[in-house]
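Following are the structures in question.
What follows is a pair of complexes built around subunit A, which joins subunit B in one and subunit C in the other.
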Partner chain A sequence: MLSKARPSRLPSPLLSLYGLLVVGLPLAGLAYALLGSVGLAGPLAAGFTGRYWQALGTDTGLLYAALFSGWVAVASVGISIALALLLVLRAQPTLRRWPLPGLLYVPLLLPALVVGFYLFQLLSRTGWLARLCFQLGLIQGPEGFPELVQDAAGLGIIGAQVLLTFPFFTLLFRAIYQESRLEEYRQLTLTLGASPGQFRRRVAGPLLLRRAAPTLLLSFMATLGAYDIPLLLGRPYPQMLSVYLATRLQRFDLRELPAAYLAGFLVALGLLGLVAVLLRLRRQTAVR
Partner chain B sequence: MSELLTVAHLSKQFGTQPVLRDISFSLSPGEVLAVLGRSGCGKTTLLKILAGLEAPDAGTLLAQGQDLGPVPPNERQMVYLYQEPLLFPHLSVFENVAFGLRIRHVVKAEIDRQVHELLAELDLSAHARKAPDHLSGGQRQRVSFGRALIIRPRLLLLDEPFGNLDAQTRADMQQLFLRVSRQHQITSLFVTHDSREALTVGTRFGYLDQGQLTCFPSVTEFVQDARTAVRQELAFWESIQQTLPASASTS
Partner chain C sequence: MRSYLLIVLLLLLFVLPFGLLGLLAVGEQWRFPAALPPAYSLEAWRSLLAADNDLLLGLGRSLLPAGTVAALATAGGFGLARAITRSRHPARWEAASYLPYALPPVLLAVLIQPFIIRLHLSGSVGGVLVGLLLVALPFATLLLRSFWSGHITEYEQLARTLGCTPRQAWRRVLLPLAWPLLRTTLVQTFLLSWFDFGLTNVLSVGKVRTLTVQVFTYVGEANAQLAAVAALLLVVPPAVLLLLNKSTLLRKP
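Coming up: the complex of A and B.
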């Protein structure tokens, strides 16, 4: 008698190892950071102390880094979503016309570091654009060129993140548009009396955002924790969270480590909390 | 002029392939024209042209004397219903039905009243707060029907709307369609490939084949026409009945 073909299973030791790598070790790292922040772990641990937590009240560096990162992530993801929705909902013929479909893939192939370097060369006060403006007589010197990279508002970082993210969102929205049969929804809503604008606002936009929400959230988290681009295109102050943490962890003074552990612990906790809240919101939306 | 819709010499081709050839018919208010046709006979193209979603190559469409040619689909008051209910997945049953009123900026109290009334009529009141993916196939089709009815369309265009339902639900939906369309005096063009469904829902009958529409003056002529295969089906059921034992056939 022939036996039924059974689906192959990952050997349990391999599965356990994978679980340890993706859940166990990060949790252990989180616990170590927590212990380090209260003086119970680390190279200079000298017993329990709450002084690093108390110092949070006077040290505004972490708060500013978190606010700055939040602003950059919200602006980058927001602009990318708006651009992608605009292309998918208002320029379908353009999206299908050569060479745009191919060009959309190009930024996805570029490492973040390369994009950061390219934008630095293009947009800095001594970059190509500034030199061109100088040659054309539009500015009298580097100071006349607007600060587009390493600026206080993080415009350079936002620009680079948008350049990397919006093509991905466009491809994602386009795939969802086709998979969700939005063309048929468009025709249906038109016969129900909706204008093309009402279809975009009341049906297509919410439907695309709802289906793409987990990916958009992941992208938001990735931008929040971006390192290469903020390092190249950001200022020493305010810094984005990843650069702020790296700077504090790499200081020579080992006595600063507990404060860096504390910052890392709080950032990780914040991100986990964000994921939990948004997953809950998404479940509620699905049930409603 | 008593005709609600007059279609004259309508033709359409895609590339070199003719899809509709010189189609002419008219519909009076409250009539249900059941059009029987097999896959690829041009029925979806015909409905989309009437809805304004496709442009004809030739011919005229008049609604109560008004030329529909320049009228965009969202101003025609002709709702096109697909085989799939296509409910908006991000909206509840209530909001799906209310959609047509919301886009027309009807006041909230009036929306509440009309939607609750229609949901009760369609036996959906208990499901008003549910998401579409929590409904059965028949319930979804009823919501889709309610979403179309609430705007009081002058013509309903139904493209095999019950084609994906099981036999019992399909029969229930046909009865519901009959009841509601009579009650609301809905004029519709109902396309199906099922002769029994056509006979159940139609008040007038047509047969579409290779882009040519034949409208029958009476149900007898529709049944008699060999192309509709109604007589073949009747003969089949009669032969089945003859093979059954007497007790089974009487019971």
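Coming up: the complex of A and C.
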């Protein structure tokens, strides 16, 4: 019989290389961004300075980008969850009917950039919906059509994110529903005198949300850092975080770099905080 | 009645993108307020057959990195997942694997860009590959971690006890057992690279013109017809993968 391999004190060369790539490189990038934000790294580094950190109080760009991203992420993920729950809990038999089982996979084929382009062609003031409204005599010209893309509230971005996310959540909730044998629980709760609404609100809904929590948080983070869709469907102001960072770092004025490094450092730190929450959630759901 | 309405609504929601993109790809001189194109032409599609066609080259430039990243990340992730399971601190390695996977690709690209420039990889396929691997490798490792359970180690030890060499145990026992998960990982890491725009655009400084970069360029040039053709080309490989196996698209680490 072979003896059980005992873990060695030092990581294997493979793991060391892996650590260097996946931890070393991003952390080195973070350190570079931090040093850049205090004037110690970067093309125009001229010695330690705290002025970029002090300027944070007056520069509202990063704060607005964070708030706008937060709003878009909360709205998109919230609407997607609501739609998916509605479909799984109220239209379960319909979801099993042709062609829905295959149809729900279709949005997973679409890159975010393509969805952004499609919605621009559909919802802009000269888009297909506006043309249909014009032909039907509902509007007199492009300006009569409501602003649905590149709007201040980010409606176009939210619509695109929902279109991409809610089918995935529906498939996920449906898989959890079957895996957790919720149909049997439904029969049981109805036998015990609960109404279908009580089953949905008190049993199925909380269970689905709790079990899907890590994936939902992951989707929230992905929406928070979305780039392709806001780049096409967003306005120059307010911008979402990724677009804001990329725009600031790609400006020709190198003096802007330290402030951009600072923004990148702070955003990365915030997202890493969310990862910590995600890992805790994952451990909790694993225990249950 | 209500269920028919729901089916029609969802059908419209998910099929309309292909209909509109298809019309844009064949429509000519299609401007406001026309609801349908005044003329149709397959010229953009026919030009794809020309050897020096930019879109066709873009397809190749997208397939090459996506295929390479998928193969490297899956093979590497399989070995790494095993090494992590056998390490002294598997939970710490698992947590570390979330680091690049958790940051938005554009932010990650922005953070590692100074080092990519110092390595003289900026604007090259090599730089894009490093960036994509940085996301795909931990993703594959996390996805394949579930395979290396105590159960699998016992299978491996049993095979060795019954006379298998380490190589035979891998080839005849471990790889066939892992194949469904490996296939899922291959598909998902391929799609991760195939769909990427932000990371590639930042690290390649717009020089590696993959299909996603081309879609964005054509949109910027207000060339809706070529943007639609590129967009439809982007959908082909995922559609083929979906037809082959639906479940490979859904699994998350």
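One rule holds in what follows: the second predicted complex is superposed on the first by the 265 of 288 C-alpha atoms of A that agree within 3 Å, B and C clash if a C-alpha of one lies under 4 Å from a C-alpha of the other, contacts with A are read in each partner's own complex, and residues count from 1 in each chain.
Note that in this section a contact is a pair of C-beta atoms (placed from the backbone, for glycine too) under 8 Å apart; a residue touches a chain by one contact, two chains touch by 3 or more.
Everything quoted here is computed from the prediction, not taken from an experiment.
*Asks:* Could you classify subunit B and subunit C on subunit A, in the superposed arrangement, as clash or fit?
*Replies:* fit
*Asks:* Just subunit B (first), just subunit C (second), both, or neither: which does A:206 touch?
*Replies:* First partner only.
*Asks:* With both complexes overlaid on chain A, does A:195 touch subunit B (first), subunit C (second), both or neither?
*Replies:* first
*Asks:* Is A:64 touching the first partner subunit B, the second partner subunit C, both, or neither of them?
*Replies:* So A:64 meets neither subunit B nor subunit C here.
*Asks:* Could you tell me if A:221 is touching subunit B, subunit C, both of them or neither one (first, second, both, neither)?
*Replies:* Only subunit C is touched by A:221; subunit B is not.
*Asks:* Please work out whether A:53 is in contact with subunit B alone, subunit C alone, both, or neither, and reply first, second, both or neither.
*Replies:* neither
*Asks:* To the nearest 10 degrees, what angle do the lines from the C-alpha centre of subunit A to those of subunit B and subunit C enclose?
*Replies:* Taking the centre of subunit A as apex, the angle works out to 100 degrees.
*Asks:* Of the two partners subunit B and subunit C, which one touches more residues belonging to subunit A?
*Replies:* Between subunit B and subunit C, the winner on subunit A residue contacts is C.
*Asks:* Could you tell me how near the closest CA atoms of subunit B and subunit C get once both structures are overlaid on the shared chain, in Å?
*Replies:* In this superposition, no C-alpha atom of subunit B lies closer than 21 Å to one of subunit C.
*Asks:* Taking the stated contact definition, name every residue in subunit A that is touched by subunit B in one complex and by subunit C in the other, in rising order.
*Replies:* none
*Asks:* Which residues of subunit C touch subunit A in the complex?
*Replies:* 3, 6-7, 10-11, 13-17, 20-21, 24, 31-35, 76, 79-80, 83-84, 86-88, 93, 95-100, 102-108, 110-115, 133-134, 137-138, 141, 157, 160-161, 194-195, 197-198, 202, 212, 215-216, 219, 224, 227-228, 231, 234-235, 238-239, 242, 246, 249-250, 252
*Asks:* Quick check: in the complex, which residue numbers of subunit B touch subunit A?
*Replies:* Residues 48, 51-53, 72-82, 84, 86, 88-90, 92, 99-100, 102-104, 129, 131, 147-148, 151, 157.
*Asks:* Touching subunit C in the complex: which residues of subunit A?
*Replies:* It is residues 1-2, 5, 7-9, 11-12, 14-15, 18-19, 21-23, 25-30, 32-33, 41-42, 91, 93-94, 97, 99-100, 102-115, 117-118, 120-122, 126, 128, 130-132, 134-135, 142, 163, 167-168, 171-172, 175, 215, 218, 221-222, 224-228, 231-232, 241-242, 245-246, 249-250, 264, 267-268, 271-272, 274-275, 278-279 of subunit A that touch subunit C.
*Asks:* For a test of understanding, state which residues of subunit A touch subunit B in their complex under the given definition.
*Replies:* For this pair, the touching residues of subunit A are 181, 184-185, 187-195, 198, 202-203, 206-207, 210, 285-288.
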